[in-house]
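In what follows, chain A forms one complex with chain B and a second complex with chain C.
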Partner chain A sequence: MEFLLNPYYMQLITFIIINAILGISIYLTLSTGQLSLGNAGFMSVGAYTSALLTLKAGVPLYAAVPLGGAAACLLAAIIGIPTTRLRGIYLAIATLGFGEVVRVIILNLKITNGALGLSSIPSMGVMLSKGIAAFGLAGGIGGISVRQLGSIAVILILALILGFLIFFALRLSSSRLGRAFAAIKADEHAAEVSGIDTRYYKLLAFFMGAFVAGIAGGLAAHITFYIGPKDFAYHRAVEILLFAVLGGSDVVWGPILGAVLLTVLPEVLRFATEYREMIYGAILVLMMAFRPQGLISESTLALWRTKLTRQPKIAGQDKVTRRTTP
Partner chain B sequence: MLQLQQLAAGYGNIKALKNIDLTVPAGSIVSLIGANGAGKTTVMKVIMGLIKPEFGQIFFKGQNISGIASHKIVSLGLSLVPEGRSILSRMTVLENLEMGACQRQDNEVQADLQRIFQRFPILEERKAQLGGTLSGGQQQMLAIGRALMSRPELLLLDEPSMGLAPLVVADIFKVIQEINQEGTTVLLVEQNVRQALKIAKYAFVLETGRISLHGQAEDIAKDPRVMEAYLGGKK
Partner chain C sequence: MVTRSIKKKGIVSLFLMVLTVMVLGCSSEKSGNKGAASDGSTAKIGVVSYLTGAGAAYGESIRQGLELASDEVNAKGKVKLELIFEDSKGEKNEAINAVNKLIHKDNVLSLIGPTLSGEMFAVGPIVNQEGVPIMGTSLTVEGITEIGDYVFRNSLPDSAAIPQSVKKAKEKFNLKKVAIMYSDNNDLAVSGFKIFEKTLKEIGVEVIAVETFADKNTDFSAQLTKIATLNPDAIMVAGLYQEAALILKKAREIGITVPVVGNNGFNSPQLIKSAGNAADGAIVASPWFPGKDDAKVKSFIAAYKAKYKKEPDQFAAQAYDALQIMAIAIEKTGSVTDRQKLRDTLATVKDYSGVTGKFAFDEKRNPSMDVTVLVVKDGQFTELK
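This part shows the complex of A and B:
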């Protein structure tokens, strides 16, 4: 128990969840076939907005994080209306440029504290442990200290948000909206002549991706209690893209798996010290060579579904007969 | 039903259409024929709002639709079966058909789906199959079915016979006639001039962005210039 509850693992789990949320954000834009590399930029807007609101305006944390998402969304409107007309690599370059512009602006503004970044951002874990202490559990329960309880609560809240987003993404893919997204991804021309307002839907997907990235940024800010412009540089944009490339972008599980693997992998490879980055790179190259569609695609899901449903067939029949008897 | 007046359009510096006047009367089949590069597909794209006209007007049921966004044009009652079919190849046949009805909110979508399955029984058989795995002829049927799912009053068909075997072509042309008899007006772009003139009431001949000839389809079929250029000699 003590082993599992050490701060290092707790921290790792929170990073995994935040990266999974970022994976969903790139999945949402990719579901219309738009390759946007602006998610790191939107994440930084969400992070800085939320952090500044709590630090300077005293806005409570639970309001500041959604406001960060809203700010990212607002910026997505400004940047999205001209850029979503672009396709493929052109959109990727434009959004990548946007991310860098945001970073440079943050670097030079006074309110964002330039290159030093913002520190002592109100921490979610501290807030929650205080709440738990006020609840009368200042001594902890069952050998788990109040700080650990706070961390567990943070993980639970993050998991809840992630769960909701997964549910949303799954519902989306079977809705009219999701079908329109998929049609645009498959063949924009065909979608257009089928009567789909491609510009509207593409912009909508762009907004949703930006909002989710903004939320992830806000959450990250209140977990690490320090953010700087370096956290949201080009490197981060590529990292988010890799979640979708490694995991696959057909279904929402793909980028989530990608996020989990790519967060855990560098930690697992710590023993390899200076060779770490090399192994990491080699894994990605091998991945591209042998499974370019990513680890999870629609067909892998279908395969597992048939594998899993084949065995308990007798049990299934049992259910049917039971239902017919009144 | 559809009227193009002095329409001009192009791609950047290239003027694909120079001065097009074209009328499609309600209830008829109209064929638009011409050589490669004459501008036939461009006419279709301009009507659907995929390319903005540089000059001239398009009227559909008396309403000026030039420069309107494509999805709004579809909701007015126009539907295009694009050249090369543009099947959503990673979606199933059923999903492809449902995509055609994506703007409809009424509850007759299922009934229309059944009607399309009646017309193309092969599509019902293969409804769970991915669109990309169908043969060329089946894909063409699927593309026509998808276009019909939006309940168009005017159906635009861009080279429905492209790359298909003669027997399949005959089937497709029969279906086009049936669709027309059930009340849908058809504007047909074709390379297969003989067939296109056989089923059409009116025909327009397009040459390098201009209408060079138009009239009753049977008169066009007898015109010596058309016979020489498209039907293989004067005889």
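This part shows the complex of A and C:
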């Protein structure tokens, strides 16, 4: 218990959850087979909108974060309507360009404070611990300080959001909408011929991804006190993509596992000091060599399901076939 | 069936690999902790620095300056210091994780770092909340020590250095109209630009052109050609030494011979190395002056050269002084665990004289120290008199 209450691990958990939310955002766009690298851009829009609203306009946190998501969504409409007509690598390049454009605009706007970034952003943890203190628990409970309680509350809120998003993504995959997404991913032409309005569904997936990325950005801004344009550069876009590449993009658990591993790994490797980056790189290469499709795929899930339920493979196969038929 | 079992093997081996890495990580942490805890008289100081990535050169200088200082302090034997280095890669999330690890796992007495201002803005509030003294050795932008009472810096803010060099240059070269160039995607340079602009306005020098560039740019001919046609008395440049060197080269190439006043980015032997003859006439204000006729500076340079086979730069010098100041404060408190006392003692540090000159913290925990305005002459930094 003491181990988990260490602020170092609690901070790490918040980063893991934020990254997992970003993992879901890329999963949502990837579920229609669209490779979008604009998520870092949407994240920055969410982060800056939310931070500016709280800093300059005094909007409360709980309203600012969703508004950040909405702003990202709005921008997704502007960029998405022309670009979702693009396919594969062309979409990737267009969205990558979009992310860079957003970054350059942020660099040159006065309100965003250019390269200096925004500092002393109201922190969720500080706010919550103040709330808890006002609630009459200023001394903490059972040896847990108010600050720790604040951090626990932050983790709980983030976990709730993540839990809701996972639930949403799971329900989505077995809904009419999710089936349409899967059909488009499998074969866009076939989907179109069978009467699915591919443009509409692709745009919808793009919007959902942008919204979730915007929310993640808003949350990230209120966890770290400071945001600057550097945080949302090209490497961020690639990092988000890595969650999906490493974890697998077939099922929502894939990007989440990817996010967890890629956040924990650099910290676990701290003991290696100078060799940290090398080992990190080597692990990524090895993982890609062993599992180019990502760590978790449909068949992995089915395999574990049969294992856990100890039923012969019929049950597993049944699930596999049911899932892949749109 | 066959493919499935192969897949299974792959997964199992992967998980095993991840597990071993994690176990390795945990076990080495534990042993490290034990070793430090058994010795109760050593002050543990955590260092967060930019050790890998594009800015690793800065982090390396800082690390070497700190190691040298720590060796000297330990050799004297009044206080025992143990430095624990953590890499931040120049990213704020990494820096946050690094300070959290240092504070809550290694249980350090105080912190030195991080390297970049952006990192400090993210890390400072957390460290301040925990009540751990932190000292920045390379942070020059505005608003650093305003983060909180536990945040110190021994690097001279741009707001103190730039006006001095500008005023000196005006006096010396009778400046009437100048052009400014700055890197608009670098926080340090943007902050420097603002101070240039403000100072010039105050002393009544006209700014006839403001041109921007970006970090990692290599071609500055468009900006410089435009500036050349305006015939300014001097050019002010805010950026890092990589770009500054290229700007100097290009400016001299197209026939601009006027002095170039730089921000802290100019303050590096690398500037002269990469710009060569073109660096002549570059002006920068700095508390660190390697050519100073001072016994401390000379012995520092000699010791540094002996250990690392290269010339120390300002980052090494400032880091060296930072740890010396920290050691003095620790010695005064006589405790290797009392963070509150260390903060209070640090805030009262006065009359320390180090390699960057006389040093004291002002009431806002910024350094108040003498600045020397330097000009490059025949490939050497010399004092501008």
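Here is the rule we go by: the second predicted complex is superposed on the first by the 307 of 326 C-alpha atoms of A that agree within 3 Å, B and C clash if a C-alpha of one lies under 4 Å from a C-alpha of the other, contacts with A are read in each partner's own complex, and residues count from 1 in each chain.
Here is the rule we use: contacts are C-beta pairs under 8 Å (C-beta built on N, C-alpha and C of every residue); 3 or more make two chains touch, one makes a residue touch a chain.
The model shown is predicted, which means the values in this text are computed figures rather than measured ones.
Q: Looking at the overlay, does A:Ala210 come into contact with chain B only (first), chain C only (second), both, or neither?
A: Touch partners of A:Ala210: none, neither chain B nor chain C.
Q: Check whether A:Ala72 is in contact with chain B, with chain C, with both or with neither, and answer first, second, both or neither.
A: The answer is neither, since A:Ala72 touches no partner chain.
Q: Decide which partner touches more residues of chain A, taking chain B and chain C as the two options.
A: Looking at chain B versus chain C, the one contacting more residues of chain A is C.
Q: Between chain B (first) and chain C (second), which does A:Met124 come into contact with in this model arrangement: first, second, both, or neither?
A: neither
Q: Pick one for A:Arg270: touches chain B only (first), chain C only (second), both, or neither.
A: second
Q: Which of the two partners, first being chain B and second being chain C, lies in contact with A:Glu192: first, second, both, or neither?
A: The answer is first: A:Glu192 touches chain B but not chain C.
Q: Once the two structures are superposed, pull the chain A residues common to the chain B and chain C interfaces.
A: none
Q: In their complex, what parts of chain A are in touch with chain B?
A: So the residues of chain A touching chain B come out as 176, 179-180, 182-183, 186-187, 189-199.
Q: Which residues of chain A touch chain C in the complex?
A: 6-8, 11-12, 15, 107-108, 114-117, 119-120, 123, 126, 147, 224-226, 228-231, 261, 265-271, 273-274, 276-277, 279, 283, 286-287, 290-291, 295, 299-300, 303
Q: Okay, in this complex, where on chain B does chain A touch?
A: Going by the criterion above, the answer is residues 48, 50, 69-71, 74-75, 79-80, 82, 86-91, 95, 98-100, 102-103, 146-147, 150.
Q: Quick one: in the complex, what on chain C touches chain A?
A: Per the stated touch rule, the residues are 4, 7-8, 10-11, 13-14, 17-18, 21-22, 24-25, 28-29, 32, 51-52, 85-87, 91-94, 96-98, 100-101, 103-105, 117-118, 121-122, 124-126, 129-130, 141, 143, 147, 184-187, 189-191.
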